[in-house]
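Take a look at the structure set out below.
Per-chain residue numbering starts at 1, and chain names A, B and C are given in the order in which the chains are listed.
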């Protein structure tokens, strides 16, 4: 029951923010909130993996980028030059490729979204499966380094491959029409519907994640965090559960990256970079590790501020500093009651102490 | 009838033969104890049965089926539950949740079903919670169900571990030095508790240092020394076995 | 031959980074993700000082300053945290590395800099075994060899070194014998920072120094440390050289852009197949709780 109240409150907050910005004539802020929502999908997945199951991943930006690049490649690579080839005609006939125009108005053929989205999800799930099986056997430093290594490998591949646009990334990705009346794109006229769509995804991810956390599967995940040995002795197939949550979090990230790319009209290799991955870890850490609501709140807040350019050239430094000070002073996050109490006490005592 | 049958089990670490050709059986509905001085290979033997270590050779039959070399979660699914020498609770979870994890093998909602919170899943969830509360009452920890498991005192942590192990309704319960760290009163309570569990129809295999506890409650005792079984039988026989006395009190005494 | 030489040169730097990891890991059980930043700091500081003082003095001062930074990190972030979880220390040292990098960015901007060649200039070369090589390569190899020899002497012959080894074997027992384990941690951080800074200086003329050059060095150094068996110095040297050579060969086969991907694939393979490394014993590796 509590879950439904909280989800309802989140939905209400989403609507309230829209109304507030609309009333203040600052609807342009919805753009950053939309992007923050897509990043929040990564954070929610990572929170399940890191906070609940206790498995660190320093390569999650790679999954976000994987979803994004799949969207970009499938919607910008024109199959038109193959025109006339019987293979293409057959693909068009089956509806696997649709004729349209590219960003410059020329005729182009693209993969429709109902196929490219599942492909993006499948790509992320497949990579997570292949990487996860061996890597999730590792613990501690080894797991951290292995995921960092995996993230960097994908980053290097995006950066060094022609298909992915090398250092420039892929731009002029077209908006995609998801449903009649719902188009994912950066056009000003589409702003409100994109905002609501992104947050609907976040709500869905939260509902699914909260369900997991308070169920048999969630207890199994948390028991792995508590003591892997005891969890196995209680009959939990620890390897399989770790793999499931790893794949789930990769899929969440890929979905975020997929829609973000259509929304932004492009993606660059920086999205897969180490700094991005570290940023997600920082958000989950600040949000309190095993705390979905905390991570969501902190994630949206920090990403929103960062996207607004509040931190200027100190953007990465802010996240670095956050990591250090949270881990040093409040390893359970700043939203914990004990930490807030400690701060309160400091404030109350301060004027009286000499 | 033998519930658990261990034959010629071996395991070495480097050159050290921690468990060497050990064979014994545990009969249904009895309490069997494995005793021996430090380093005799008791915990290794335990971990071999529970699947935490891979054996080098021999066989382990449970209910007539081989559980030799199975991973721990399969051994648990087969109906063997255990406690740990140095209590291993899930410190990040509440007492109730700890016991509920123990129900893992007796419930079936998978990852996807949990994610979608199907009606069947919710029903199962309620049953698990009720069963956990029942077990907590049995062990007198019903008042701390919502407390963090790490915040409890030592004795209560032990109780939680027992409840968690029993939540899976095992046929065989493995107890790894359950009296370690308990005072004499708590040990007496523990003895009563173990007998009560046996009377519930659960077979018990325990490792113990505390000789008085073992002598009081065991139906049968096996003695290990340097990885080998040197004696086996009812407590009265083992107590008077000269080899056992030699091992426990030193060689000189036995010769006198 | 040319590939082999350049491989050995970068490989010896990886070996030094790996040794830096090992020094801190042995005394604390922490993998210091900011290890690569020590190299960057050493290079940057010496480049700045070099304009106002002679090169050897600039390098010496840079090493001293970086050692002081290592001391500060230990003092501020490591010393007073009791029973840290691995996850906490991993995240924290990553945060520290980001902070150092960002501070460097704001102090030195993002321009690529380099120290002058120690002897001669870019075009000077000496001929050895038919290959013409830059004398700076000799400087790098010589310095790395010197570091390894001195470290071996330090650990084997001096009281402080022996005390540090005792700490790494068993911290509790060492402190019961009257060794100040806390001070050993401080020393290990300073030592590791100083060695890193020195390596950063000697390699600067050839590879250039930039505020963010530490990360990839750290990852490769870590690969070498794992490959050689975490904690083993001689393993680190051999593994470092091996990785350098593999990388150099990979450039001749694959596009340059994939260079890092090759090393990292190697890292993943080692981690999965043989996490105890080439020379670490499997049993001992299994016993360590990570």
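Note that in this section a residue touches a chain if its C-beta (ideal position, glycine included) is under 8 Å from a C-beta of that chain, and two chains touch if they have at least 3 such contacts.
Just so you know, these numbers come straight off a predicted model, no measurement behind them.
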| item | value |
| --- | --- |
| Chain contact topology (line, ring, star, complete or other) | line |
| Per Cα centroids, the chain farthest from chain B | C |
| Chain with minimal offset from the mean of all protein Cα atoms | A |
| Computed distance of Cα centres, chain C from chain A, in Å | 33 |
| Distance between the centres, which are taken as Cα means, of chain B and chain A, whole angstrom | 43 |
| Chain centre separation in whole Å, for chain C relative to chain B (CA means) | 47 |
| Sites on chain A touched by chain B in the complex | 208, 211-212, 215-220, 222-223, 225-227, 229-238, 241, 244, 248, 290 |
| Residues on chain A engaged by chain C in the complex (per definition of touch) | 50, 54, 56, 58, 134-135, 137-142, 144-146, 148-150, 152-153, 156-157, 159-161, 166, 274-275, 278, 281-282, 285, 313-314, 316-317, 319-324, 327-328, 331 |
| Footprint of chain A on chain B - complex, ascending | 50-52, 71-73, 76-77, 81-82, 84, 88-93, 97, 100-105, 107, 109-111, 114-117, 121, 124-125, 128, 164, 168 |
| Chain C residues touching chain A - in the complex, by the definition given at the top | 31, 77, 81, 85-92, 94-99, 101-103, 105-106, 215, 219, 222-223, 226, 255, 257-258, 260-261, 264-265, 267-268, 271-272, 275, 290 |
